[in-house]
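Okay, got some structures for you below.
Shared chain: chain A. Partners: chain B in the first complex, chain C in the second.
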Partner chain A sequence: MSLVSRLRGLRPRPPAQRGAWDVETIRRGRLSLVLAIVLGLAGLPLILLYSMLVLSSFADRMLSGPDIFEARYSLDNWRLLFEGRLAPASGQTYTTRDILMIIANTFIVALGVTVVVVFVSVLAGYAFSRMRFWGRTRLMEFLILLHAFPGVALIIAVYAVYVWSLRFVPRDWFVPYTVLYTVLARAALEIPMSIWLMKGFFDKIPWEVEWSALVDGASRFTVWRKIMLPLVRPGIAALAIFAFLAGWEDLIYVHVFLYPHVKTLATYIEEVLGTGTETAYLPVVAAAGTLYLIPTIVFFVATQRLLLQALSGGVKA
Partner chain B sequence: MRPRLGPAGFFLIPALALILVFYVAPLILSVYISFTPLKNWNLDRYLGETSLDNYRALYSLMRFDPDFQKVLKTTVVFTTVTLAVNVLGGLGLALALYFMDERLSLPYRVLWLLPRMTPVAVYSLLWYYFFLGSPEGTLNSILMRLGVIDEPVQWGTDPRLLPEMAWAILVIVNGFVGVSFGMIVFYSALHNIPREQVIAARVDGASTLQLMRYVLIPQIRWHIVYVTVWQLLSLLTTFAHIFLLVEWGVVDRYWGQNLALYVFLKAFSGGESYQGLAAAAATILVVIGVVLGFIALRVMRFREMMVEPKGELG
Partner chain C sequence: MVEVRLERVSKRFGRVVAVNEVSLVFEDGRFTVLLGPSGSGKSTLLYLIAGIYKPTSGRIFFGDRDVTELPPKERNVGLVFQNYALYPHMTVYDNIAFPLRLRGVPEPEIDSRVQEVAKLLRIEELLDRYPGQLSGGQQQRVALARALVKRPAVLLLDEPLSNLDALLRLSIRAELRKLQQSLGITAIHVTHDQAEAMSMADKIVVIDRGRVQQVGPPEEVYERPRNLFVATFIGSPPSNTLPGSVESDGGYPVVRVAGSTYRPGEEEARVVEEAGLDRVVVAFRPEHARLLEAPPDEGFDGLSLEGEVYLVEPLGKENIVTLTVAGLPVKTVTPPEQRPGPGEKLYIAVPRPRVMLFDPDTGLNLWSLAEQLAAARRPD
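Now for the complex of A and B:
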């Protein structure tokens, strides 16, 4: 390690010194530039797609590239979106309340998934990292296998159980029950990977911290709650963000279990476009899409910093 | 003495309960449903009887139904081509980012991760509009301005362009999401290679290409295996993005459908739905996935590489 750091220490050189190139980063400047241009060109479709979406949400028509200077821009689409003036099917319009409900529903599902995933994985991750029990290694491998398991094979049976269980649910409890079932089913998909992630975070914490508390007579649960939880806070934050995004962006589960009783942003966009573009005013859909996209981008930027912090020694005893 | 579940039980019970209810039980139930004639979710009426009828029906569909044959062909082409794009593209991206200046590479990493972070509905919306068959569609609009085409093209549904164009759309849409997985894994793996090795190769006068060929790629072989197998299994069963493309008519109904989506639509379509048949197709999909996964691991000599310590487990 010391060799590396010493060599690294030699690295900064005055760029004017031509010919005295770095052994490790031979002609790095020019290579960097070429690669940047190539990657930029390859990513051009992405840049185009996203900028068209965001720009169109302010424009009087869907923009397709060449016409960005001809369109007129205003906040009208966003106003229309929040007034719910968009026909999901012929002769039908949303109301303001519907749109706010749709946004609220999306949040409820996402937060529900977050709570379940964090609670379950922080408990299980601790056990896998710190406790010895029969079948520990095998269970860990089993979790990886589960994560690779095709969801489409499960969802039929999960839905069959749901249909069967509905007969025991009173009519008034129908909506809360479906939301709860969706949240649990969706959260379960995230559990295997989340347990692995949390185990990794617990592994980084030195044993001594825990031993000293255990020697003093604290129970495993007290140690977990009072000592370990504060230490793995960066891990919990990362986990929470991943879980929130999974719940926030989910389409299949909300489509199968909740639609049409409880609508989320995903099924809303699906519904509007599914009825045909002739009836839908696309710039409003672009506004809805942008609105749906914003939290994921914000959270993503937040995760980048958080993960870096967590990886570069944010977890310290 | 072997410690039993004991105190760990308290911490594990919530996780085990969820896994039991939403993985293990459905798996068993799914296989059972595949032997019943369950349709339209009429559990009381159909769950009692069992037979091999669904598997027979699938076999005859495979032999005689042109639409199902289209779905199977699409599954094979889509899975193999997208897999190649994802692994090679991810490797290319990671290597390019590795050779780039750290600060310069950050915006690129963010850009390429965007599709993965975008909700499925929005991401499909982007491509829906890009391939829209009317003159306003981005691709049509640009090509018409450039004078390449005179009138708008129905990219995914025009019979003259089928099936290749529909396949191309599926690969493009899923490829942009898929490459980022390889990119992240390979990028962090490349950064874990001891710098002495890179420096030594440079001192010996290795060019960038030689460095990649003889130092970098051999070092991350394990990760290439991991990404390939993982992506193979994911691609076999992915269908969320394709679902919206088919539903919105961006691609042809059958040339744009893979087996996983076929299963989903058979079980959950609005009118007549056939869960027994869908479960049988799903079971076959699982078997294919398991077999292909094992073959892939064997071919790429996963066992030999397992010796390499990958963190503690015991």
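Now for the complex of A and C:
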């Protein structure tokens, strides 16, 4: 084979056939395929197990695989759940639980965390983004450090403060106080990262927009309220969702400070399971677990795009 | 409509002095351009006038009113930014109405004033749209409308044309100037584009490194640059500068520059002697130099240099010819039909009135150096 023909043989197909590929689009098709396979494999166990959970909540037994074809499906488990009964056999010695109350409690904690986190982060995020004050950079670094501590690591200290603070609380105020304390403690865990997130959103708004409003006759506060806040609305939404889910999903803080006098879905499920898997009627627990999952799934599906923007540090104004 | 006066205004950011002891008057109803390279402090000066920054020292007056300590909202200025800074979440109408709403103007009056200014700027059809749906030129008009709707005492423009494409910039430049004249508003316009400054300004203020370099009408800044910075910043291509040494020709000072001798005028010769200069910088504008095949006649009065063509850039209406003169680059502008080839030996002739001499130490033009010497000599 001559050199020329060998070269010709090695020559790539003409660009017209391969399509006009440049650095950005190169091999995009193949990359997407690989990504899809990897993510699909990684997601498979999650998807399968969660599907099992959801299916089990309608079945007469806890499903584990091939038995999905043998089980009988009905809404019985959900009915039992909302009736506050933990098993179909009424003769058993279970005390009934007020599931609506438990759902309401979960909402109170989650919304409380949301309100506190959003309120603090929006104000602090603006300050960190737009104001110069002593120790600003140090504080920012410190916030990152705070974020590095998991809630579990802090629980002893938080509990110590809790016990110490109880002496100032009148008996009648005990329950509302513990709810408030849980909300504040849980919110405090979310706030450092939320401030950073919010700062990112404020940073994206050009100074000129703020200056324009000042020159147009607004006070600093009016600028914040009428110009800055509407522009960071996507940020606030993302923040609120994160905070809500954090409050909704929390087990440790709720367990330490609210159990057993105030129950949330997390502690409820824990309690039912905790009574011993031998006696617990698992399909009802599966229903409770599904119920517990719903807000998470709804939020993530509804706000995927928003969350991506938030995680990449803000939105375009 | 007021006159804006700055008295020894300085602004420091930490250790950086952005504006240094600037005293200026912006006349009522005139169009003043602040011209300088990026980082010269021109925008900072504008923000000081707007009240966005507070001066570190010095005072700012609008007419007789001392506004130094007043926040922006009490100054009644209109400000247009390079990036327009429209409020993205409001329609064009709400953007323009925003300053009026803040003042609590009743809604019917807001409506009539928004319509009026929209008509003036020909953006009536855009009122329902959002800024994101507009082109750069349209956004610019909206920003201008928002600045004008409050009938500001002073209109401040911070490089408002820089983000527009070249053709649009030319047309809006003319329009903006006409608008300012018809409204009779005091306008202060910041730019780094010297052509923009020359074409729009009643008065140009050249700024560099936080200091005012020269103040004057465009022709004066062009014809009689006060120092080397102004001479080389204004003009396109910029002025040529060549180092020269002063020698004596029978008691009369002459300048040896790039292998030839230049005999300065009497006025300049007097300054050279008086200031005791032994070196000067010789400068001239590319458009004032002529390229000749042969050395100029004996009787030629001016600067004559010998150079070799290095590069020719044809621009259609003219050619820019770069020559090397004693190893230094010199640019000249020639008519389109004169298009020498690289390597050609040519003569550069600059008539005496077009040759500028500068003191290399202070950078001052000799006439301005003479003024300083005279001022120093005055008994008080």
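Here is the rule we use: the second predicted complex is superposed on the first by the 246 of 317 C-alpha atoms of A that agree within 3 Å, B and C clash if a C-alpha of one lies under 4 Å from a C-alpha of the other, contacts with A are read in each partner's own complex, and residues count from 1 in each chain.
Rule of thumb we're sticking to: a residue touches a chain if its C-beta (ideal position, glycine included) is under 8 Å from a C-beta of that chain, and two chains touch if they have at least 3 such contacts.
Bear in mind the structure is a predicted one, so any value in this text is a computation, not a measurement.
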(Q) Let's test your reading of the overlay: on chain A, do chain B and chain C clash or fit side by side? (A) fit
Q: Considering only touches as defined above, state whether A:L231 meets chain B (first), chain C (second), both or neither.
A: second
(Q) Looking at A:V215 after the superposition, I want to know if it touches chain B, chain C, both of them or none. Which is it: first, second, both, neither? (A) second
Q.
Of the two partners chain B and chain C, which one touches more residues belonging to chain A?
A. B
Q) Of the two partner chains, chain B (first) and chain C (second), which one does A:I269 touch, if any: first, second, both, or neither? A) first
Q. Should A:V161 be classified as contacting the first partner (chain B), the second (chain C), both, or neither?
A. first
Q) Should A:V54 be classified as contacting the first partner (chain B), the second (chain C), both, or neither? A) neither
Q) So, A:P206: does it touch chain B (first), chain C (second), both, or neither? A) second
Q: Would you check which partner chain A:L184 touches, where first means chain B only, second means chain C only, and both and neither mean what they say?
A: first
Q. Quick one: smallest Cα-Cα gap between chain B and chain C in the superposed arrangement, Å?
A. 6
Q. Which positions of chain B touch chain A when the two form their complex?
A. 2-12, 14-15, 18-19, 21-23, 25-27, 29-30, 33, 38, 41, 43, 93, 96-97, 99-101, 104, 108, 110-115, 117-122, 125-130, 132, 134, 136-138, 140-142, 145, 176, 194-196, 198-199, 202-203, 208, 230, 233-234, 236-237, 239-240, 243-244, 247-248, 260, 263-264, 267-268, 275, 278-279, 282-283, 285-286, 289, 293, 311-314
Q | Complex contacts: residues of chain A adjacent to chain B | A | 3-4, 7-8, 23-24, 26, 28, 31-32, 35-36, 38-40, 43, 45-50, 52-53, 61-62, 64-67, 116, 119-121, 123-124, 126-127, 131-134, 136-137, 140, 143, 146, 148-161, 163-164, 184-185, 187-189, 191-192, 195, 203, 220-221, 224, 245, 248-252, 256, 265-267, 269-270, 273-274, 277, 282, 285-286, 289, 292-293, 296-297, 300-301, 304
Q | Touching residues (chain side chain C, partner chain A) in the complex | A | 47, 50-52, 71-73, 75, 77-79, 81-83, 85-89, 98-99, 102-103, 146, 150
Q: Under the touch definition given earlier, write down the residues of chain A that touch chain C in their complex.
A: 206, 208-209, 211-219, 222, 227, 230-231, 317
